[in-house]
Amino acid sequence: MGFKKQKFNPENDLGFGTKAVTKNQRLLNQDGSVNVKRKGLPFFDTSNNYHTLITISWTKFWLLVFTCYFTLNLIFASIYMAIGVDSLAGADGNTFWQHFWEAFFFSAQTLSTVGYGHMYPSGMMSSTVSAIESMIGLLAFALATGLLYGRFSRPSARISYSKNMLVAPYLDGQQAFMFRLANQRRSTLIDLQVEVNLSYLEEVDGKPIRRFLQLELERKRVSLLSLNWTVVHPIDDKSPLKDVSHADLVKAEATFAVLIKAFDDTFSQTVHSRTSYQYDEIVWGARFKPAFDRDESGAIVLDLSQISAYEKVELPVSVKQLN
Amino acid sequence: MGFKKQKFNPENDLGFGTKAVTKNQRLLNQDGSVNVKRKGLPFFDTSNNYHTLITISWTKFWLLVFTCYFTLNLIFASIYMAIGVDSLAGADGNTFWQHFWEAFFFSAQTLSTVGYGHMYPSGMMSSTVSAIESMIGLLAFALATGLLYGRFSRPSARISYSKNMLVAPYLDGQQAFMFRLANQRRSTLIDLQVEVNLSYLEEVDGKPIRRFLQLELERKRVSLLSLNWTVVHPIDDKSPLKDVSHADLVKAEATFAVLIKAFDDTFSQTVHSRTSYQYDEIVWGARFKPAFDRDESGAIVLDLSQISAYEKVELPVSVKQLN
Amino acid sequence: MGFKKQKFNPENDLGFGTKAVTKNQRLLNQDGSVNVKRKGLPFFDTSNNYHTLITISWTKFWLLVFTCYFTLNLIFASIYMAIGVDSLAGADGNTFWQHFWEAFFFSAQTLSTVGYGHMYPSGMMSSTVSAIESMIGLLAFALATGLLYGRFSRPSARISYSKNMLVAPYLDGQQAFMFRLANQRRSTLIDLQVEVNLSYLEEVDGKPIRRFLQLELERKRVSLLSLNWTVVHPIDDKSPLKDVSHADLVKAEATFAVLIKAFDDTFSQTVHSRTSYQYDEIVWGARFKPAFDRDESGAIVLDLSQISAYEKVELPVSVKQLN
Amino acid sequence: MGFKKQKFNPENDLGFGTKAVTKNQRLLNQDGSVNVKRKGLPFFDTSNNYHTLITISWTKFWLLVFTCYFTLNLIFASIYMAIGVDSLAGADGNTFWQHFWEAFFFSAQTLSTVGYGHMYPSGMMSSTVSAIESMIGLLAFALATGLLYGRFSRPSARISYSKNMLVAPYLDGQQAFMFRLANQRRSTLIDLQVEVNLSYLEEVDGKPIRRFLQLELERKRVSLLSLNWTVVHPIDDKSPLKDVSHADLVKAEATFAVLIKAFDDTFSQTVHSRTSYQYDEIVWGARFKPAFDRDESGAIVLDLSQISAYEKVELPVSVKQLN
């Protein structure tokens, strides 16, 4: 029977607009990133240095730190060479390149403020340059170490989501859309809130328009995420998914966007997580197997590898099940 | 027909009071800063050192850091000179100024803790001074580097707003005030909320009084700002702008103050942005051109240079349009 | 006529309990601190080191840093002396005390990692000690500099409150309790919220019981605190202060506790401020003089020295005014 | 009479699920930690380095820092040895181990950037290694010191809870469940909110099912926690604990989970605290003794050692009291 016509509610579209997206293109990727490219502004206006440096990969970050250190030393070595061979007392090289590398390593010892002292600046010029260099070294390394620690301590949630969304039996002979999640980390997540948005295509005057609906949930919030949590959208009379079959979901390219917000007790900050389920990730007629059990001592054990585990069950015939 | 008389609602005046401001003077500037000067307190009571140091321009910041470094070295050089020429072993200058600069560079090497060691303190007095100086150096550079990183990593939103506010056709033959915005940065803005306040002059007993009204919006919140977002105030029966013409807005010196709040996923913090639209920045009878499109691969591309792009359209005659 | 009997609402008592406080003893001081002593737990359980170190006076903080530096050096100097005179190469003292001070300054040069090198550890023992000392130095100075920067950048609001609370004429021949506030700093305060709680004594069975009431305000929130803001509690039929005279306030030892919360745009954090007004700080029959004006160029100028300025006015006879 | 059958409200179960836990096993421990083990993911996926390093004990933290420092020095000493005995000028050992320890201490002096200079790198190879080592030293110590300060300044609440929950006389001849809390620290807690969840076993078809209920409180929030606060659940007609006896609580293994949230004025951040009361920690027929008093000067003194102090009282016969 397909989707019921919905009253247009602009609060629900997640800011994506109603323009249809081509087949097999998600707006929200499974890892929570957004599927949008940007252009029209110079690189430096769209990026923020801090944003970039805090989010690039560790490999790139280390490469960048190393390159900056190397380049700064090259520059200062050149300056010392320009001032003259005698500007560094204690240097005993004979060739140009020997002198250059001595200046280079003197620069490294100054930038890092290790200052062994077997070479030292001699004369006003090189003394001034090395005084400035040690100041620059302190400031530059402060940026590098600040970023290092900032990257290391950056608040983030790592939530394990079940691979599939299930259409499972629910209370009183009803069915419900369900997915499951658990905190992958050992930290405690407090006051966790979830929002599930359904997007699907609707034909309006022969043209596909993307519609967005926020789904009602059995429960939108847990005070404490200690075990796993099964998020449930019951297919009751109020549900826009009442009488919607698997084929309808495929045809309408239905996608469920999941937005999660919680307070992490370790970071003492609010963290967010996002994921999405597409029509082909929905299993009709299945229910999750328990993901926690008791060990010999009677203690509860949560098995994170079982978050996605489900078993097939028979749905009542009233549920259109076409896969 | 002008503005309808409004019931006075003190919750709406943004804290500016009802006193009229002279022509062409905005209360809230387009860059979000507030148009108010302050006096009556000594400089040091109104300023907060941290506030100042975190918000001054980079040029001023670097100048300040450099000046402090130079001044501290001058002070300590003078102290070493006062203690005596022999207090620094390894110094081999002959004139007063040669000694002074040696003391100056020794101080720089101590402040930055580079400590080459070709000069070193000799005797109780200079040893004590240099021990204190190296402590001061560590603490002072910690402040400087803390501020440097604080400035660098300071959370801020950079929102692109459309240059103009439009009066555009809306649903069911209505019109609406609209402006558009997008996140200039690549970071993800979550749970973005917007508030639009209209301020205008009303004649009460022949004296102009400034009135403030919070405008109803089609939608006040998006879960995720991934593309652009068009903020819409529909001109319906409840709108205070029903039957208000362009001439009315000019006469009443109408200004729309826009306040935005969102959670930035990279900074993991709440960020704010503000702007304003004045009567002469409103275009009657226009609509925004799409700012995003699809590239060859079918991916969505947001063109930030097109945020302000609009095209002229005919408004129904019922809309008083006098420009 | 005194205070009307109020329905008991436990949400209002600010957590102070109903036990009466003796005369002239405020629960909340004018500077926002709470007037309660604590005992019953060992010092170290009630204090938090970080709490203490971030809130002690600057004088105490500097004294503490200096004392720790001095003490650490004393300890390590003693260790080097215990290892033996020859453990530090380059030391050339002759007497015990000369050796001791050389060890002391070597320790200072190691702790601060300045390491001139005219003295250096010689032998396993002193090399090990100095390797550990430099590590300790780095960690200890990191704590000191972290605290220094933490103190420096600690978010805090500095609000100027009017010295007095006024009973002033209000709309439609009514009166209202009013006080005024402004942001002392140049930063922008966003989304400022205020809460005013009245506490007073009521005789129950001959024993004074402290009652707490949250007062209704003309307005509880401003989007942006740009000028001053006059907080108003109108004395209307719903007000518990209807028909209450100055003598009633004195007898009941009435105190108004003011709690303020705002988002500071510079710190990017929520800040709080508190103050209180006691019965003897209330002026009956007065109104605030404007605290802002226009300069020659037409710009608004806020005069922070005029926040408390008021002028006497005649109140209608219906207001019981006995002072 | 036991627990009334409750309408199932999924918002209340704290995320623990309805599966019964074995006797004497709390879901939420008294110190606020959660009683759940986790498995099924490799160690590194469940842990977050930052999480781990910020929460391990101080002993482990110091051991780790020391071990890393020692290991890094061992590694670099080996590298210098591999380059050759002559790579470090100023080293004068004769045996392999003498050379090795010289290399080791040279490494320590480079890592910590103390750089005395009696030994210094000679030649391209060792100069390069020491330049890299000093860079690594700066970065590694930045991580260590960042963690040290992060651990030290980590926001946390330290709330004193009363040892027992009491069933005490309340207004109008009613009874109420009560517990008491106070801020153990001298900091000010603002806008403190409390949530109490009752969990108990219910027999459904002969199988025990764990039920969760959020209890109504006399008051859920205080603006300012300045003294102690008694949290009260009145046993009125709406209460699920109406007509529940002590024996019922024991049989149903009733546990009260307490979740607290507040803003700490010193940390300028939101802090959380949790605890729980089990059926055997409930005292029927008792009331708390006052925990604060006045000293000679009339000032209020809060005695933190008296938070748990109670005295026995007679409950009306209508309360089933079986202990």
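Order as written gives the chain letters A, B, C and D; numbering starts at 1 within each chain.
We adopt the following convention: a contact is a pair of C-beta atoms (placed from the backbone, for glycine too) under 8 Å apart; a residue touches a chain by one contact, two chains touch by 3 or more.
In this text the structure is predicted, and so the values were computed from the model without any measurement.
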item: B-D, B-C or A-C - pair sharing over half of the C-D contact pairs; value: B-C
item: Magnitude of the superposing rotation for subunit C and subunit D (Cα, nearest 5°); value: 90
item: Longest centre-to-centre distance from subunit D, chain (CA-based); value: B
item: Classification of the subunit B:subunit C interface as same or different, half of numbers criterion; value: different
item: Centre-to-centre distance between subunit B and subunit A (centres being mean Cα positions), rounded to whole Å; value: 27
item: Shared interface positions of subunit C, touching two or more other chains; value: 109, 113-117, 146
item: Subunit A residues touching subunit C - in the complex, by the definition given at the top; value: 113, 115-117
item: Residues on subunit C engaged by subunit D in the complex (per definition of touch); value: 10-11, 13-17, 19, 21-22, 25, 27-28, 33-41, 45-51, 54-55, 89-90, 109-110, 113-117, 119-121, 124, 127-128, 130-131, 134-135, 137-139, 142-143, 146, 150, 154-156, 195, 197, 259, 261, 269-272, 274
item: Contacting residues of subunit C [partner subunit B, same complex]; value: 65-66, 69, 73, 101, 105, 108-109, 112-118, 141, 144-146, 148-149, 152-153, 158, 160, 184-188, 190-192, 218-227, 229, 232, 263, 265-266, 268, 290, 292, 294-295, 298-306
